[in-house]
Structure formats: structure tokens, C-alpha cells
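Both of the next two complexes hold chain A, though its partner changes from chain B to chain C.
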Partner chain A sequence: MTLTGASRAWARRHGLTPMLWLVAPGVVFMLVFFVYPLCYGVGLSFQGEGGPLSAYADFFTNGFVNNGRSRESILVTLRLAFAASLINVGLALPLAYRMRGAVRAKRALIAVVLVPMTLGTVFVAAAMNEFLGRAGWLNRVLLAAGVIDQPLQLVGNFTGVLLSLVFTGLPFAFLLMVGYASGIDPTLEQAAAVLGASPARRFLHIALPLLLPGLTITFCLAFILAFGVFPSATLVGNDAGPTRVLSKIAYTEYSYGHYSTASAAAVIMAVVQLAVLGLVLAARGLLYKGPSTGGKG
Partner chain B sequence: MTDHSPGGGVLAIDGLRREFGAFVALRKLDLRVSAGEFVALLGPSGCGKTTALNLVAGLIEPTAGTITLDGHRIERLPSEKRGIGMVFQNYALFPHMSVADNLGFGLRMRRRPKHERVERVSRALALVRLTEHAHKYPGQLSGGQQQRVAIARAVVVEPRLVLMDEPLSNLDAKLRLDMRTEIRLLHQQLGLTTIYVTHDQTEALSLADRLVVLKDGAVQQIGTPSDVYEQPANAFVAAFMGYRNVLEGDLRAGDLHTGSLALRTRPGTTGKSGRAVALIRPDDLRLLPDDAAPAPNAIPVRVRVCEYLGREFAIEAVGPGEQVLHGRAARPLTPGERAVASVDPERVLVFPATEGAAVSAPELELVAQGEQG
Partner chain C sequence: MNGHRWSRHRVTLTGAVTWSGLWVFVGGLLLAVASVVLASLAQRFSTGWLPESYTTGWYTAAWSDFGLGRLLLVTVEVAVAVVVISLVVALPTAYVLSRLTFPGKRLLLLLFLVPQVIPIMTYAVPLATLVYMLRLNDSLAGIVLVNLVPSIPFAVLVLIPFVDQVDPRVEHAARVFGANSPRLFVHVLAPLLVPGLLAAGVLILVRVVGQFELTFLVSGPNSETLVVALYGSAVQAGHLASQQINAMSVVYMLTTLILLLVALRFVDPTSVTARHRSR
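Let's turn to the complex of A and B:
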């Protein structure tokens, strides 16, 4: 420390106090484990064998050696992630709305809802194969009861992965939405009721507009969770065909030692994801985002 | 605003009761409110006044009893079918709607045509002098303006009944006085039947045509402001109405003997005897210098605190038996000074201190002091 008194005072005025050292571990961690790998990966993706853009060209022409269908995987991943996050948010909204006030045994209910979140994707996939597989309990019961005469194909395809994503993602979406829903002043709906609004119109005109900003955030986070799906796409999906997701393409390239094409796949994955989030958040900018209480508390 | 029928609806409440589990929030409320009348439900927190209001609004269901508005039973109808206007304690303005949309909400729910909505909203805005704020959001308004929006939103639908739940409790003292006058003025202009809940007796006395004083879910007294103020039905109402001096003792031949002093009481109590409490308003207890001419009910006291009130002085003094007395003096008195407290026997209210029903003297003092603010 060779700071003179004046420069010391200047530093203090601009918030440069010794307290700032507290952020150092975090900054170092980010640099070493995020910024550097990110830059390195992006750099790798431009070092394909046939020139700077060859890895990307291979990706879009399905030209990966031993690893096809890369272009379609963008759509496959988008479809899965959109379907899963829409279903999760769609189911979480009414649940959270119902639980917004004082509900008996609310804590116990939330705890039960949260259990699936604590189970790993692999555990859930194993359970799904056991329960929903062609020879699983569900099909056996339905066949025995005569409800169906062919076993339902619930795993090993798009449906399987979607179910797994809903099972693990819904608690997460629900937990976020409960927070947003509980933040709405309950007297607002009482006021709307006294003014003549039926329960449906109270939801439509009061609760929904106030929940929408939270809803879009929940959607974004659910989307990110679902977009990176990898274990369930392999375990309860069919990663050679209908659930061949981007992360599977990247993984396979890495496993063959094709680092530049693997990185290109990862970069494309990130770009697609950021594009979707950017669109959703831009739309959110058009919504009302102020307080969700009706005056002085 | 009331271009079809002058005045509001007629409300009848019979045997209204509400329990929350084992707790009885409202024991039995019977009340007739005539068209255009302004009734205040008054009492300390937990007395059941807000429960009563929420029952009329339909926000909670009664355990027993009926509510009749203009001859129609409404106690089991959902809020949205009752045609009532309500002003909430925290205003409950819709934060995502402009002032104009807040006002138009009730009309929209009633599916009024657009041109009618626009016209009625602009009239209501003019009424509360917020026309230039029509396109602002509630968050951009001051507390007083939000309050006026809340009131306008409640009356713009021309309800048969307006409910107000402590609407002034979130405002500062100056604004509270202004809004009080404004609410009274609005009521005079529109003539809407109004039920107003408050714990502030000055607010209730100044606004209402009639008061309902509640305690622990039970009605203590129903009457005009002057009835309740001049002739409180019991010791609790008296203490709540600002009779701050509470003396407990034995009543014999019209005199209350506390053990350390004897007090001549209001004529008419002469026949009664037994354990009793006497209540005196600070305004009626005059503090005079020690050497003043003999006065009725003279109590020797020592001055403890002297506060300047503008017109006169508020004195806290200690009398015989360490009895604390609150009175008024025309001239300042110094703490520690000896003085004489005097009260006209006419101004000494006496209530029997029966077991159970009435409250103890210390409790009454708490009520009296708590509500003095």
C-alpha cells in the first residue's frame, strides 16, 4: 500500500474499500471456471480441420462423422424444452394460485411437491422405466382392466422425456410461482370481488396481470432447465431419433475426441437458448412490473 | 352520482354472529340503518367491528344471523352479487391499472357501455378532484390521493351501501383531518348509506349520524354521537369516549368513597349504593391554585406534569391515595406545586362495578388512555 492520503480518500469516495476483497474469491472462481472455459470453447469451435467455420458447416450439413442429425437436433431440443416449460408453468400457475393464501397444511403440501426435485434425473428415469415401461405396472394394470389392448408407449420416446422433465421441473416452477403468487396483496382480489368481479374475472383481470412478470421469469428458468436435458433424453427417450437433443450431439462429438465440432455444437446450443430467452424477456418488458400491493401497507 | 334514487339502501342486520373456531369474533349484532344514514362501528382492536364489516361485504360468512339490504337477504350471497362499495384500510387499488381504469373496474364488471363508463368515471374523478391524475398509476400518487381514488372507486358504481374500513388510519394527522371533512362532505352530497369502521372515537363522533360501540364482539351501546358522548351506557363506553379519570370506591348516599377521598356524584345516583366506578372527563376536572376559593368536589393534589394545549393546559396530578388525575388548568402550574382539582358533581358519571360484566378500574384507565392516543 503506497497510497497517499488523498488517493486513499478518493478511493473511499468511489467505494473502493478493503471490503472489496470479499468479492475476490467469487471473481477468481468465475474467471477460472466460467470465463476461461467459455472463451476456450468458443475458440475451439473455430479451429475445425477445414477452416475457421468448418465445424459449424459440418453441424448444419449433418456432416459429423458417426454422429448425424445434428441440424434436426436444434428443433428436437426446442420442441422438448418449449413443451416441458409450457406444461410446467401451465400446471404450476393454478397450483400456486390456489396455494397463495392461508391453506391448511401448506408447508406439508409444499414439502410433498418438492420431493421430485430432490430425486436425480437418473433415479426418476429408472422409476419411470419400471412404472411406465411396456411391461411396467401401469400398462399391466390397464391391460388387465381391459382399458387398453396394446401397451402404451410411454418411455423410449418424446413422451418419456417430456414426462421426466415435467416430473422434475414442475416442483421448481411451482416453488417459484408460489413466491410470486403469495406476493400479491389478497385485499386486491377482495376489492375486485366487492366491485362485482366473479372468481374467473378476478383471476383474469387482477391476479394474472400481476403474475405475468413472475410467470415469464419462471418460464425462462424452466426453459433453461429443460434445454440442457441430457440424462433423461438418453434414459427414457430415444437419443438416436426423436429425442436426439443438442447436448447429446455435443457429448458424442467429445467422446470421439472431435473437440472443435463438439464446441461448435455447444456454442449453437447457447446461442439458440439465449435467443429464446431474449425474445421472452423482451416481451416481458411490455408488461406491468410495478408493485403487487394496492397502496399503503 | 345518484341520479335515479336519492340516498342509499336500507340495511337491516339481525342476530349476526361469527365464530372463528372457539373464538367468538361477533356475538350478536342487531342494527337498522336507514337510507342515507352514516353509521360508525367503533371499538378497540379485536372488538369485532371489522368482522361485522367483512360479513356485510361478503368477505366472510356469518355463523348465524341475517343481513337484509333493500328487502333482499344478502348474507349468503358472494361479494360480487351484493352491489356494495367498499373502501379498504390499505386502499387495495389495482396497481397495474391507471386511476381511470381503477374507477371504471366496477362499471366494467357490471358490463356498462363504454360511453357511460367514461362519463361516470370522469364525474367521479371531478368529485374527488383527481381529473388531472386520471392516467397515473396508483404508485405515482400520494397517500391522500390514493385514498380519494379508493373512495371514488367505491362510490362510482352507485352502490346501495358503502363500507369503509378504517380508511384514515394510514394517513398522517393533518391529512386525516382534511380527509375526514372530505368524507363527510361527500356523504352529504351523495347521501349514500354508509357503514364506517374505526377505533378513533373523535373520527366516529365527527362523521357518523349514529355510533355502534363494540367490545369483545358484543354491542355496548348504539346511539347518536351526543348520546354516546354525554350518556355512555356503561363504564367501558365512557372510558372509550375519553372519560380518562377512573375512580373506584363504595357508593353511599350519592357520594363515592374511594378510601382516601369522597366524591359527590351526579344527582340521580343517590338511591343506589354498593361497589362503583366514577368516571370524569379531563375537560371537566378543573385544576385551581391551592389558594383559590372553595369549589365543589375539591380534591387536594400535587401537580406532576403540565402540558401546553394552546387554549389551556393539560395537567397530570396525583391526589390522595396516589390516585392519578387528568385535568385542565387555565393557567400553567409548576410540577410539584400543590393545587386543587374540582369537578361539578353533574359531571361525575357513576356505574356499578359489578363482577364480570363491567371492567376493573385499571383496565378502564388503559382503555381511556390507549384511545387518547
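Let's turn to the complex of A and C:
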């Protein structure tokens, strides 16, 4: 009796109250349906037919039976994801910076820019193929204007997938950056303006350092979105060659029932993505961290 | 917010470049959407600027041949089930993670954060294998189950800042008046958290409707959602006329567009992150 009373007091002192049971449903679900499959998949990837590391060896020597070019797919996916997230963040930064204050029709403009997020990968693929295809409006306009002699090859290759990733990813990056940009206290820039800083200097020395932490987070999330690209790589690109991405390799292995090699490809995908995110976040640690509001002390 | 009025009408080179860049994006977006809508209404595959003749036949064909009504029904059923279950499970979890400090709290936060930063494919492949072993593949329950895996932690992370904003004194007052934990959640916290629940619910709804990889791996002919069926028909080129795929894409777009418009009525995107930052 006294023992349970003492241990109960000890538990309370360390913050272990009966209220903690409220997390049980969520935690149990995540353990059973996220952590267990994840560990199971990692274990499966070491159970290749030719020894523990054979699935990984096959991946790096392009040795998959029905599924070539697996080693190159890492580079393809990285190039695609880096290009898409750099373009998205690079375009979202000036737009969000311009929109940080009161701008006419801001809400309507945000609503229009957000439309691609709702279109879905198949609609975007259809739009890319219709609009950018050889007989699409863009090529027609350029041909009619005499800018080009031959229709541009914009779909069925790397460019097409990159454009569709920008199309769907830019609104997302923009939405996040608007949030960060409108969190900066306008009085900071007014103070700089009073002291004679030009708009370019105000951006470079005041706004940009305050925006950089948010910028790196946006880059990470944009990278995650682009790295998992699967449907548009097949529908807009050419998944036999130039846009053969990692998720396509994992899916093809899975659909043939090669579970250990599919798991190995999925694990490699996670390792590569986490490595990139780790590098970016480590670089973020070097940046200014502090309030983005002015204070009167 | 003041102080921008004086700079609004000054024309600068960088301003011109950013604004024209924005209008190129918006223009390209509208033209791309218009070209799909036009193509879905074309009688024959057009070779000119505009289709020669128009028909709504592809929509009725998609409705009857492809079972569009059934696909929409499955999609809505899955989405509503996932949203409701996610919110019910996530609210108590978010409450504890916001209010209490206890050993292992960081580990728990990590458990809900990791699903957001690893590729979906990484856990989708073994999860689909597990669903097959449970014989839940090609069933509504299986699709709801796999979609809950990213949705529950997402709902937890969205709800935590909203719980932070509720004044703990309100809860203490309820406790003093004799409310037990279930009553506290149903009668005090849930009403105060309606904006957060709506925001999380709408975001999950949009994500589930667009969720491809997870649903794709466990669905079968009896349990396809709209996006999975669309992908399947788009990959089998030649099986269906391109106009019909375009017509189905337009239906899909309208479904999610309505959801977005509803979402924007409740959620101001510029304020959520700003509020989050100021904590």
C-alpha cells in the first residue's frame, strides 16, 4: 500500500499522470502500422535470395531482373528533386516578399495560385500533355510568332516532369513563404529605410536573413514533395530512361513480387532523402535564429 | 501593415520581373486548365487551335462505362472515414503533447514527425504487404487503414498549436465545476478547438483525395478511389479515348476545387504559419 503510494508520488513528480493514457490509441496505431512495417521492410531488404546484402548489391549493379537502370535512378531522382525545389523556392521567395504587406486582391490571387495543389497528378499530367505537347497551344503560339521552326519537345522527357513538379510545387512553397514573410515586423524595414537603406539593401540585410530559416524549411518540404514523384514521372516523362525515378523502381519490383529488392529500393530512397534533409538542416543551424519582430526593450 | 502604401505604385525593375513572373504562372495555369477542359469537350481529337465540334458525350460515357458515380462514392467514403477517425484519435494525443511534460515526450513527437519526412514509398511497400497478410487488400477498410498512417500524425502536428492557444484556466474552471475528462473534451475543448479541427479536417480531406501511392498499392478493382482509377486508365493508353480521361480529370478537379474553396472559407493560410511562428 505504502509502496504503491510512494511509486505513485514518484510517477506524479516526473509528470506521469493518468492523463497520459490519452495518447495510447494514437501511439499504438503508429507502432503497429508505421513502426512495425518500417522495421519489417528494413528487415525484408536484408533477406535477398543471394545473402543478406544481395538486394542492395543488385540495386547498385543494375541487377534487378525486370527492372533496369536502378543505380542511375538515384541521380535522376536527385537531379529532378533538386532542380524542382530550387526553382520553386527561388520563385516563391520574391513573390512572397512582394505579397507580405497589403496587396490588392491578395486573397483572390492566393486562391488562384493555390489551384494546382488541388488538380491532382493525373490532371496536371493531362494539362502538361495537352498544353505543352507538340500540337499544344504553347508550341502553336511560338511557331506562329516565328520564334521557333520546329515544335519544342517539352513532354515525354526530363523537362516535362520538371515543369509539372514546378506547376504543383510552386503554390505549396509560395503558401509557406507568404506565412514566413508576413511574420516579419514591417517596422524593422521602416527603421532601415529611415536610416537610408535602399530597397535592395533592405532586402539583402534585413529581410533575407530573417527569411532564411523559413526558406530552408520550405526547401526541405518542397524537396520531400518532389523526391517522391511517381505518377507524373510515368505520365509526363519517360520512365524507361530519362525520368526513371526511385519510387518507380520500388513499385515495379513490388508489382513483380520481389519484396526484398522492393524494400531495398525503398530503404535507399529514405536514406538518400534523409541525408539531403540532414545536410540542409545542419546548414540551417548556422543561420540567424531569433525574433523577427522589432522590440522596444 | 502601413508603410507599404508609399511603395505600392513605384515601378521598379525587380517588381516588374516578379509581377510578370506571377502573371506568366497564373496565365499558364489558366491556359493549361482550359486546354484540358476544351479537350474533354471535343468531339474528335483536334488538330487546330480549337476543337471543330463539341459534345458532352465523354462525361456521360465516363459516368456509365467507368462507374464514375461508384468511384466518387468510394472516394468520399474513404475521405470522410479517414478524417473522422484521424481527428478522434489525434485530438487527445495533441492535447497531451501540448499540455503535459513527461519523460519520452520528445520521442513521441519524433514518432509523429518521422512519417512526414520519409518518402511514402518507404513505408507503403511493407505496409501494403501487411495489409495483404491481414486480407484487407481491395477493401474499403484496407484503404482507410493505409490512409490513416500519414493522416493521424499530420492531424496531431496541426492540432498541437491550436491546443496551445486554448487558455488552461478555462479547463481549470471546468474541473472546479466538476467536469470529468470525457466531459471536458466533449463540452469544453472540442467546441473551443473547432477552427483547428476544421483546418486539420479539410487539409486531411484534400490529402486523402489526392493520395496516390498508398491507395494504389492496396486497392483492387472493387475499391479504387478516383485518382487511382484515373492513373490506371491514363497508363493504359489506347484503352480509353484521351477525351474521356480528360473528362474524368475535370470531374476530379471540380471535386477537389470545391473542397479547397470550402477550406479557404475556414482557414486563412497567411495567418496559420504566422501564428505558429509567434509562439
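Definition applied: the second predicted complex is superposed on the first by the 288 of 297 C-alpha atoms of A that agree within 3 Å, B and C clash if a C-alpha of one lies under 4 Å from a C-alpha of the other, contacts with A are read in each partner's own complex, and residues count from 1 in each chain.
Note that contacts are C-beta pairs under 8 Å (C-beta built on N, C-alpha and C of every residue); 3 or more make two chains touch, one makes a residue touch a chain.
Nothing here was measured: the structure is a model prediction, and the numbers come from that model.
Aligning the shared chain A places chain B and chain C next to each other free of steric conflict.
Looking at the shared chain after the overlay, A:V280 reaches neither chain B nor chain C. Looking at the shared chain after the overlay, A:L86 reaches neither chain B nor chain C. In the superposed model, A:P37 makes contact with chain C only, not with chain B. Once the two complexes are overlaid on the shared chain, A:P209 sits against chain B while remaining clear of chain C.
Residue contacts after overlaying the shared chain place A:I110 against chain C, while chain B stays out of touching range. The partner of chain A that touches more of its residues, comparing chain B with chain C, is C.
With both structures placed on the common chain, the touch criterion links A:A197 to chain B but leaves chain C unconnected. Contacts of A:L142 after superposition: neither chain B nor chain C is touched. In the superposed model, A:A57 lies in contact with neither chain B nor chain C.
In this overlay, which is a superposition and not a single complex, chain B and chain C have their closest Cα atoms 5 Å apart. The residues of chain A shared by its contacts with chain B and with chain C are 187, 190, 292-293.
Residues 1-5, 7-8, 12, 14-15, 17-19, 21-22, 25-26, 28-29, 31-33, 35-36, 39, 47, 49, 89-90, 92-93, 95-97, 100-103, 108, 111-112, 114-130, 145-146, 148-149, 152-153, 156, 181, 206, 209-210, 212-213, 217, 227, 230-231, 234-235, 242, 245-246, 249-250, 252-253, 256-257, 259-261, 264, 269-274, 276-278 of chain C touch chain A in their complex. Interface residues of chain A facing chain C in the complex, by the touch rule stated above, are 14-17, 19-20, 22-23, 25-27, 29-31, 33-38, 40-41, 44, 91, 94-95, 98, 101-103, 107, 109-123, 125-128, 130-131, 135-137, 140, 167, 170, 175-176, 178-180, 182-183, 186-187, 189-190, 199-200, 214, 220, 224, 227-228, 230-231, 234-235, 246-247, 250-251, 254, 259, 262-263, 266-267, 269-270, 273-274, 277, 292-293. Chain A makes touch with chain B in their complex at residues 185, 187-188, 190-198, 201, 205-206, 209-210, 288, 290-297.
Residue ranges of chain B in contact with chain A, taken from their complex: 57-59, 78-86, 88, 90-96, 105-106, 109-110, 137-139, 143, 146, 150, 153, 157, 163, 170.
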